[in-house]
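These notes open a run of structures that come right after.
You will see chain A twice below: alongside chain B first, and alongside chain C after that.
Showing the complex of A and B:
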C-alpha cells in the first residue's frame, strides 16, 4: 500500500502551478456608477437603462425586502463577508453610439472575446451556436439574431427584452425565483443589470444552441445578471452558459438569478461551464459565486435538465433546482464540481416533486484537491400529492491529496407512500489498484489520473453538448494537474 | 447560529436547582458541572424547531414546564417483573422516575469486582472513578435538554468494569417512567469499561400507566483499550409520552462498541447518539429500528467522529412508518484531518406504509482525509411489488405476504441483538406496533421462535 503522503512528482507540480489563462484585464473605457447600494443608485441604474415603471417598482420592492434580510451562514464555507456598500452595481463598456451590426463592436472588446476563444464573428462560428455576450453589467452582442427571428424565437439581452417584449418579461420575471427567495436573490432582483432572455414559441425546436458568455472585467464591481428562459408548449431549447474573470487580489461578487419555465411537453437543457477566477494558490482573490438557479416544470410531461461543470470561483454556492409541478414532468441534475487550492464549493440541487409520476435524477461528482472543500447539499422533497414519484441520487466524491475535504448533506423528505427515493454517496480516493493497473500498462501517472478522473465524471460529461464536453475535459485536466501524489 | 425562542430563564424546571443542590451531600463536588449546565440552559434556552438539529422534531409540542418533579412511589414488585422480558436471566436494576430502587433490583455484590448500582451512591463512594467521566464525555452544546439533565440529575446507573473483567450476565437496567404522574424524569447512566473488559447492557424504558410524562435521559460511555460493550436500548413508553435520549461514547484503541436502539412506542422520541473513535483500531456499530404508528414522531440523530486512523464504523437504521407517523434520521460520519484508512458505512432504509406518514432523512458525510472508504445510502419506498408478486404466485394471500415482507424488513435489525430473550421481547413489541393481522402474526411469530 502506498504511503499516505507521497512526495509529489516535480514535473506534475510544475504543471499544477499553471496559471489561470483567462486572467487578463481588458483596458476599455467604461461607465461605472459609484460604489454603494441605495434606492438612489437603483433609481439611477433604472433611469440609465430607460426602464419602465413596473420594473423600477420590482427593484425597489426587492431592495426593501433585501434590507430586512441577513446573510445566510448555513453553507459549509468560510469567507470574509462581502462589503456590499463597496461594490459598484453598474459597469458598462462605453459605447459612443447605437450599434447597427456586430462589425461595429469596439475592437478591444472583440479582441477580448477572441482571446477567450469566443468569436463574435458569425461566419467563424464552428457550429450553430447563437450567443449573447455579457461584459460586466451589460450585454454587448447577440449573434444569429435573424435566423432565430424567422422561427419566432426571442433571444436577446435582458434589457432589450424589457423594451421589446415587456409583457413576457413581466409575466415570468420573479415567478420562479421570487425576490424574497433568499438573500442573494433579493439583492440580484434589486440591482440586476443585464443578462439573457429567451422565449421559444409553441412547438418550435430551437435549431441552434443558445449561449451566453459572461465576463467580469472592471475592478470593484460585482456581476448581477439575470437569465430568464421560457419554453412554451412542446418546444425544445438547449442553452449554454460560460464565464471568466480577470485575476485580481480582491474578491468579486457574482450573484446571478436564473429562472427557467417549461410549459406542457417542453424541454429545457441548461448547461454551465463555470470558470470564474478561482483565486491564486494561496487562496487570495477569486470570485464569490452566489447564484440562485431554479426551473419550474409547469406543464405536464415537461422536462428540465441542469448540467454544470464547476471548476472556477473561490467560493461557489449554487443549487440549480427543479420544481416538478406538472404530472409526469422530469428533472435532472448532472454536476461536476472541482475544488483545488483553497477553493470551496457548496453546491447541489433541489428536486421538489409536486405532480404525479414525476421523476428526478441527481448525479453529482465532487473532486477535491489541494486544500479544497467540496460539499454536496441537496433536497429531494416528495409532496403528498406526488403519487408514483421517483428519485435517484448519486453523489460521489473523489479526494486527491490529504488536506482537502469532501462533504455530503442530502435532505430527503417524503410524504407519499407510493414514492420511491434512493440516495447513495461514496467518498474515496483513487485506489492504488486503479493506479497500478494503469501504470503497469505503461500509462504515465499523470495520464492515468486524468483518465480515471475523466471516467469518474463521464456520466456528467456525456450530458454536455459536444464542444462544451471537450472544453470541460480540458478545464478539468488543467485544474487538476499536479494535485496527485 | 442559534435563535432559540424559548428563553432559558423561563425553564421552570430549573426551580428545582436549589433543592437538588441542597440534597447533594457528599456529591457536592458535582456542583461546578451542574452550574455550568444550568447556565448553558439559561443562556441558550431549550431547542426550538428553528435550530437545524431540531427542525423536524416538532419539539413545539413539548413544553418542559408542563411536567412536575417525580415523587417517591412504591411499585408492586409483581407488576414490575411483568414488565421485564421473560427468561432474560439478566442482572436486573430498576429505576422509577430516574431513581434507583434497591429493593426491586438484584444485589450488586455478586458482580464484584465490578461496581454496578446507583450513580448517587457512586458520587459519594467512588468519586475517583466517576469524576474523570461524569459530564466529560457528552457535549451538550447543541442539546440543552442534555444540559438540563446534567444540572438537575439526582440519581442514575453507574457501571464500572475493572480491567480484564468479563460480565457474563447481561445488565438489565429498567427505567420506569410516569409512575408518579406527569413528571419529567432525568435518568442518567455512566458506564466505564477498563482495558479488555466486556459487558452487555440492556437499557429498557417503559411506561407505567398512561400518563403523558417526559423522560430526559443521558448516557455516557467510556471504553478503554480493547474493551467491548454491547448495548441494547429500547423505549416502549406510554402513548403520548416524550422520550429524549442522549448517548455519547468515547472509545480508546481497539475497543468495540455495538449499540442497537429500538423506538417502538411513545409520542415523541428523540435519540442522539455520538461516538468518538479516539484510538486506532476502534470500531463502532450503531443500528436502529423504528416502528411508528398514528401521530408518533421518532427522530434519530447519530454522529460518528473518526478522530484517528484505522477506525471503522457501521450504521444501519430502518424505519417503518404507518398512520400519520413522522420519522427523522440524521446521520453524520465525520472524518478528522489526517485520520486515514477509515472504513465507514451508513445505511438508512425506510418503509412508508401509509400516505399520511412522513419521512425526513439526512445522511451526511464530512470528510477531511483522503485515504478513506466512506459511503452512505438512503432509500424511501414501499414494499417491493416484485417480491409481493412472487409470494402471491406461491399462493400466499396479499395480506400475509405484506406482513411477512414488513416483518422481514424489521427482522434484519433485530437479529443483531445479542441476547436472545431480549430479541424475542423486542420482536413481540414490534409485532404489537405493526399493522399485522392477529391470524397472520401466529405464522410470523413461529418464525421468531426459530431465531
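Showing the complex of A and C:
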C-alpha cells in the first residue's frame, strides 16, 4: 500500500523546538571586495576570475542597463529598500591554489557542510546525487564528476564552464532571461559570481540527480548566482537546489537567475527547497530572495517542470516560468510557499503558450501563519498561434490563525479562441473539528497541524524526488513551530 | 473493576447549561446504551468525556480507571484508552486513512512506552481489521473520510476502534445514516470487540442498533439528566411508548 506522506516522526517536536538550525557562521578567511557597485568593481571581479572579454562585455552592458532601471514596487510585499552600494559583490573563501581533489577543500568548509548534512564525499554516489556547492560567491566543490564525464554530461561550477565550454555558455547565457528582463536580473547579469552549469547531451538520460547547494556565509555580502541548464534533444535531467544562510540581524540580498533550455523531446525537472534564514519571530533580519527563474521549452514535445518548497527568506519574490515555444511542449509548476511570523512571499509562475497544443499545469499551495503574508501571482498567456493550448491552475490557501493573509492575483491573457484555461482557487482554515478528530485519536496538536498541512501540500510533495520530499516535510513542521494555539 | 464513574456532572456550551447533574457508573466489560430525544445532551456528554474545547465542566467529577480526567487534554485521554466514534467524522484531505491510523496507533503506543509498529506489522494488523469491518482496501489509501459515503464513514470509525483497541469506547450515534446491511456490519464489529476489560457506551436515538448490540444497561438522558435506567427491555419499551412516556412515568 502506498504511503506517500511523511512518517510521524518523534523527532518533529525536537525539530520544531530547534528553530533555525542552519544559523551558524563559519569562521573562515575570505577574499571580499569592498562594498559598492561600479564598472570598476565589475572589471575587478571579472579580472579576478580571469574571464574572457565577451563575458566582461556582457556584465558591463548589463550594468549600464541596470543603472537606467528602478526597483519594482508591484509585488505585494513591503520592506526597507536595499542599499545596493553597501553590498559587497564578491566574497570567496580564501584558497591557496586551484583544488585538484575534494580532499584539498579547507577542513572548516568541510565541517560547515557536514553540519548542514551535506556530504562532499564521493559516497554521495550511494544516494545518487551529484552535487555542486556554492559558498558565498564561488563554487567550492563539485562531486561525482567522473561518472558524468563518461556520459558526456557537463556539470560544473559556472566559472569552470566559462573556461572549459565557453561556446555553450556564450550560446545560451541570457537567452532565456535577457539582462534587460527586470531590475534584479540586470543586477545579477552584471555582478553574478558563480553558480552551476549543466549540459545533457542528445539522447542521454542523466542517471543521478544533479544538485547545487547554496550557502551565504559572509556578512555584508549578497549572493548572485547564475544557473544555466541545457537539455539537448531527447535528454532528461532532474536537478535539485537547496539553500541556507546564517542568522543575521541585517537583511541580505539573494538575487539569482536560473535559465533552463529544453530542446526537442527533452525534459527538465527542477526542484527547489528554499530555506534561507527567514528573520526572527519579530521580523528582524532574513534574506531578501528576489529571484528570476525561467525555462524555455524550445523544442517540440519538450517539458519543463518546476517544483518549489519555499519556507525560508524574509521576503520571497519569484516566479519560475515556462516559455512553451515548441509544439506539444509541457510546462508545470508545483509550489508550496509557507510564511510564518513576519515573512512575506509573492510567488507564482508565468506560463507563456506560443506553440500549438502546448499544455501547462499550475498547482500552488500557500500556507500563512503568524503575521505571514502570502500572495500567489500567476500569468497564463496564450499567444495567437497557440492553437489547442490548455492550462489548468489550482491555487489553494491555508490560513493558520487570524493575523496572517493570503492573496491571489491570477492574470489570464488569451489571444486564441481554441485555448482552454481553467482556474480554481480555494481558501481554508484548519477546522476545530479536524483538530479535535486528530487529538481524539491521540495525535498531539503540533503533530496534528503538521499532518493536516502536509496533507494540504501532498499534490506538490509527490512531485519532489524522494529524499527531498522527506526534507521538505520536516522543514514545514519546523517552520510552523509556534503557530499553534 | 470500575471503568468510568461520572458524578453530579454539570457542563455548559457557550454559557448554556446542557448537562445538569449526570451520574453514571460503567464497569469493565459492560455495554451501556444512552438514549434520549434530540437536544437532551447525549452528544455533549460524549464530547465532555473526550475533553473537547468549548465544553465547560462547571460541577461534578469524571473518574476513569481511578483517575480524574477532567484536566487532561483530549490526546492524553485518547492515549489512556478513551475512544470516541464520531457522529460526523471529519475529512482530512491528502492524509491517507492508513497513514492517519498508523500515526494514531503509534502515538498511543509511544505514550504507553511500547515500541512503534513497523510498516509490515502495521499493515498486517490493518488488513485483518479491515476484513472484520468489510472495508475496501481502496478506502484505506484514500484521504481520511474524503469521499466516503455515510455508511463508509461509520464503518471506518469502528475500524479505527478495532485497530486502536480502546479500554472505553464512546460511540456517538454510530447507527445514524446506516442502512440495515451496514448496521449489521458495524454491530458485528462492535460485538467482536466485546471484551472483559473493555467497556462501551453507545449513544443512540433509536432502539434499532440495540437489536444487534445487546446492552447490559439502558439509560434515558433527558434535559441533561439520566431520568431512567434499566436493562435492554427498557429500549423496547421506549421504542413502543416514546420518550414522553419516561417524562410522565418518572424515574423508577
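Everything below uses one rule, namely that the second predicted complex is superposed on the first by the 464 of 485 C-alpha atoms of A that agree within 3 Å, B and C clash if a C-alpha of one lies under 4 Å from a C-alpha of the other, contacts with A are read in each partner's own complex, and residues count from 1 in each chain.
Assume contacts are C-beta pairs under 8 Å (C-beta built on N, C-alpha and C of every residue); 3 or more make two chains touch, one makes a residue touch a chain.
All values derive from a computational prediction rather than experimental measurement.
Of the two partner chains placed by the overlay, only chain C lies in contact with A:452; chain B stays clear of it. After overlaying the two complexes on the shared chain, residue contacts for A:437 are found with chain C alone; chain B is out of touch. In the superposed model, A:405 lies in contact with chain B only, and not with chain C. Using the contact criterion defined above for the overlaid structures, shared-chain residue A:53 touches neither chain B nor chain C, since it reaches no partner. By the touch criterion stated above, A:282 is placed in contact with neither chain B nor chain C. Touched by chain B in one complex and by chain C in the other are residues 4 of chain A. For chain A in complex with chain B, the residues that touch the partner chain are 4, 73-74, 76, 382, 384, 397, 399-429. Those residues of chain C that touch chain A in the shared complex are 50, 52-54, 73-75, 77-79, 83-84, 86, 88-90, 92-96, 98-104, 106-108, 110-111, 119, 123, 137, 140-141, 143, 160, 164. Those residues of chain A lying in contact with chain C across their complex are 1-5, 7-8, 10, 431-434, 436-445, 447, 451-452, 454-459. The part of chain B that touches chain A in the complex is made up of residues 1, 52, 337-338, 340, 350, 352-355, 357-382.
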